[in-house]
Amino acid sequence: MKKVLLQLDTDQHPSPFDAIVAEDAGVDVLLSHGSVTPEAVRGLVQGAFFTRAPDDLSSMAVWVGGSDVATGEKLLDQVQAAYFGPFRVSTMLDSNGCNTTAATTIALIAKDRDLRGRRAVILGVGPVGLRSATLLAQEGCEVLATTIPADVLGTDSYRRPRGLAVAERLGIDAREVADRAEMEAALEGGNIVLAAGPAGVQVLGREVWTANPTVELLADYNATEPLGIEGVDAGDDFVEREGKLVLGALAVGGQKMKVHKACVRRLFERNDLVLNADGVYAVAKEIV
Amino acid sequence: MKKVLLQLDTDQHPSPFDAIVAEDAGVDVLLSHGSVTPEAVRGLVQGAFFTRAPDDLSSMAVWVGGSDVATGEKLLDQVQAAYFGPFRVSTMLDSNGCNTTAATTIALIAKDRDLRGRRAVILGVGPVGLRSATLLAQEGCEVLATTIPADVLGTDSYRRPRGLAVAERLGIDAREVADRAEMEAALEGGNIVLAAGPAGVQVLGREVWTANPTVELLADYNATEPLGIEGVDAGDDFVEREGKLVLGALAVGGQKMKVHKACVRRLFERNDLVLNADGVYAVAKEIV
Amino acid sequence: MKKVLLQLDTDQHPSPFDAIVAEDAGVDVLLSHGSVTPEAVRGLVQGAFFTRAPDDLSSMAVWVGGSDVATGEKLLDQVQAAYFGPFRVSTMLDSNGCNTTAATTIALIAKDRDLRGRRAVILGVGPVGLRSATLLAQEGCEVLATTIPADVLGTDSYRRPRGLAVAERLGIDAREVADRAEMEAALEGGNIVLAAGPAGVQVLGREVWTANPTVELLADYNATEPLGIEGVDAGDDFVEREGKLVLGALAVGGQKMKVHKACVRRLFERNDLVLNADGVYAVAKEIV
């Protein structure tokens, strides 16, 4: 029976990246839909699974993607709301690559390292930052996430990030900082630092992290120049710089791709898997 | 030579149901287009068949779908208007599943039963209702179709259904009824009753059909609660209830799928087949 | 490794013609996008090639199509602007079939004929006309292109064609003519005449070309009645009429298809090929 993946993407153009990785992972029939709204999900998903007997539903899965994570999460909710009786299909959310990126990076950091009791500071409360915070907390870290203040973003029109409310819901200690100085002060006593700000925004100057005596490991999620951490190379694969281990965004790419492909394959092993942050992390821990 | 199906769908998102059944039926290349208007059809269809020599056009077919049957029929007209000289490809219309649903249901009812002279009453003059009326008439029934009145629909803004004009064109005896009482009166003397109202609208109360002495068989096209006929189960597969045979919407599903797949395969046996109500019914009669 | 073609089409519906030829040419994964704007290109292209290691990028290519050649050329520019470092993929532009049509026709005309010093007059300064002009000049012709005047177009709202500026940039001798008489006068001394006006517009009456003593060969790009040259049949394959060789639009079709398919295959032989007018002509010269 052909393996069918229903790609539901919130962007106008369904992601070629997600599409190609799905094809590379062995999907036989890829149905790509762009501009998908939460209202459209039920009809699309039920239309798909009505083509299969309940016993054959592991031959079908749903992929939720697109650049907007918040809307992606609504789509994921609607996919699950479309289930009824024995009709359900495995589903994964990876809007903006948030789950594969965070899970792969944290799995690489946690590999062969005991993170219990380590203090992790995450700069940025977007989807990748908060997912990283949750996973690091699961690994035993004390976690603090901070917002990226207006002077770092270089903007006058600062708005309170939506991520603060999400963090509260997830039980993550998140702090809204007023300016660069307050953000940098949050690094005090930190052992692990993650730069999870917007692409192309430098959030951490070289003199700050090199002068911090407790920081042992830094990872940067930003692959677009200027990088998030000054003095780091996007290709740094746990390179030692200034006495600290450094992980760049591009160095994660190969492993992230393996995790992504493995997740797609998992979707077709059963019909009731939901891969969001935790599920993807479990796969990443096996892969990296 | 690869089998190419051009899926022209009037909805924004081309139907995953139609897409997956096509793939399951052996289509090699599925080109799915959503939001297709009648104006766009000629260019799409001619673009497709210019890739093939006239002798190879049985390797290509057009599928017209989407939730709007009236627009689907305009698309079907335009597909046929795009033919010229030896350039034509087989085409099927199944907007909203109207043809496969009506054809499969009537084929099941007509199987091993002599319908000549039986009186059939169809509640609803939408595409499925009218197609059912036509097919039952072909089987020798005396057919009456009624509108669904405002008090049954539970609406204040009743509009004369477009189906009445279609029925007149098709030579179907269709009656606009003023209210529930008038609709129920139309059942008098009926042997076969089909509930073909909107999804989720109960058109017939239990006390009406159970008290009717002439009714022998009831079928309900509505699979969404509340079902169209009170006291019927969507899964009823010619179950006897209150002394009458009952056919529910979901019981038809498996056979409908077989008919749908068989129709797709037929499209690739020649290049001049047009499967609308009659064509699909011929296939259904062979399958069920 | 699967061969992936990213089809970027400026029209709402990505061309079924381009899609089917791609599949026939051996593409394994076709990702078709419609309504593509220049702004969307970078994300789509980079998303695609991030799924491959640099050494594997010959397994991926980009196709730019749609009816609007000018926007297609902007898309092609943006595809190339999306390259960075070793990340680049082969790309072809064939909006409105302009390159395959012009290249195949001129290759057929140039085959076994020495065009050096011949005078070619091209009626029409659209994309196909100007590409033809460039290719004929490369073959050694003296080339003159003329606009199609308002009285020939049968319109009151004439606008100076954009092609005149393009011609100047390309170094093509292009002349804006005031009316039919001036356009016909431009044929004087011409040996080769190409009708490259809009579909369904007759640009040259029979009495004009039959009376011209120097014209030896006429080709018509218009396959829609009325044809571009009166007295020509769309299927004329270097047929002799009134002592002149005549090539109709449909006669080119089979060879054009071969060129198109060969071009798609070439895209997957390397990762840095850009097939526009010259590149497609080189392929056409090998094929026809």
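So that you can tell them apart, the chains are marked A, B and C in the order they are listed, and the count of residues begins at 1 in each.
Assume contacts are C-beta pairs under 8 Å (C-beta built on N, C-alpha and C of every residue); 3 or more make two chains touch, one makes a residue touch a chain.
Fair warning: this is a prediction, and the values are worked out from it, not measured in the lab.
Enquirer: Edges wherever two chains touch, nodes for the chains themselves; is that graph a line, a ring, a star, complete, or other here?
Expert: Graph shape, chains as nodes and touching pairs as edges: complete.
Enquirer: Between chain A and chain C, two touching copies, which fits better, same or different residues at the interface, with half of the numbers shared as the threshold?
Expert: Mostly different residues.
Enquirer: Measure off the straight-line distance from the CA centroid of chain A to the CA centroid of chain C, and report it in whole Å.
Expert: Between these chains, centre-to-centre, one finds 45 Å.
Enquirer: Check each residue of chain A and list the ones that touch at least two other chains.
Expert: none
Enquirer: In their shared complex, at which residues does chain B touch chain C?
Expert: Spelled out, the residues of chain B in touch with chain C are 2, 4, 6, 28-29, 31, 33, 35-36, 40, 43-45, 47-48, 50-51.
Enquirer: Could you list, by residue number, the parts of chain B that touch chain A in their complex?
Expert: Chain B reaches chain A through residues 12-13, 15-17, 19-21, 23-24, 30, 32, 253, 257.
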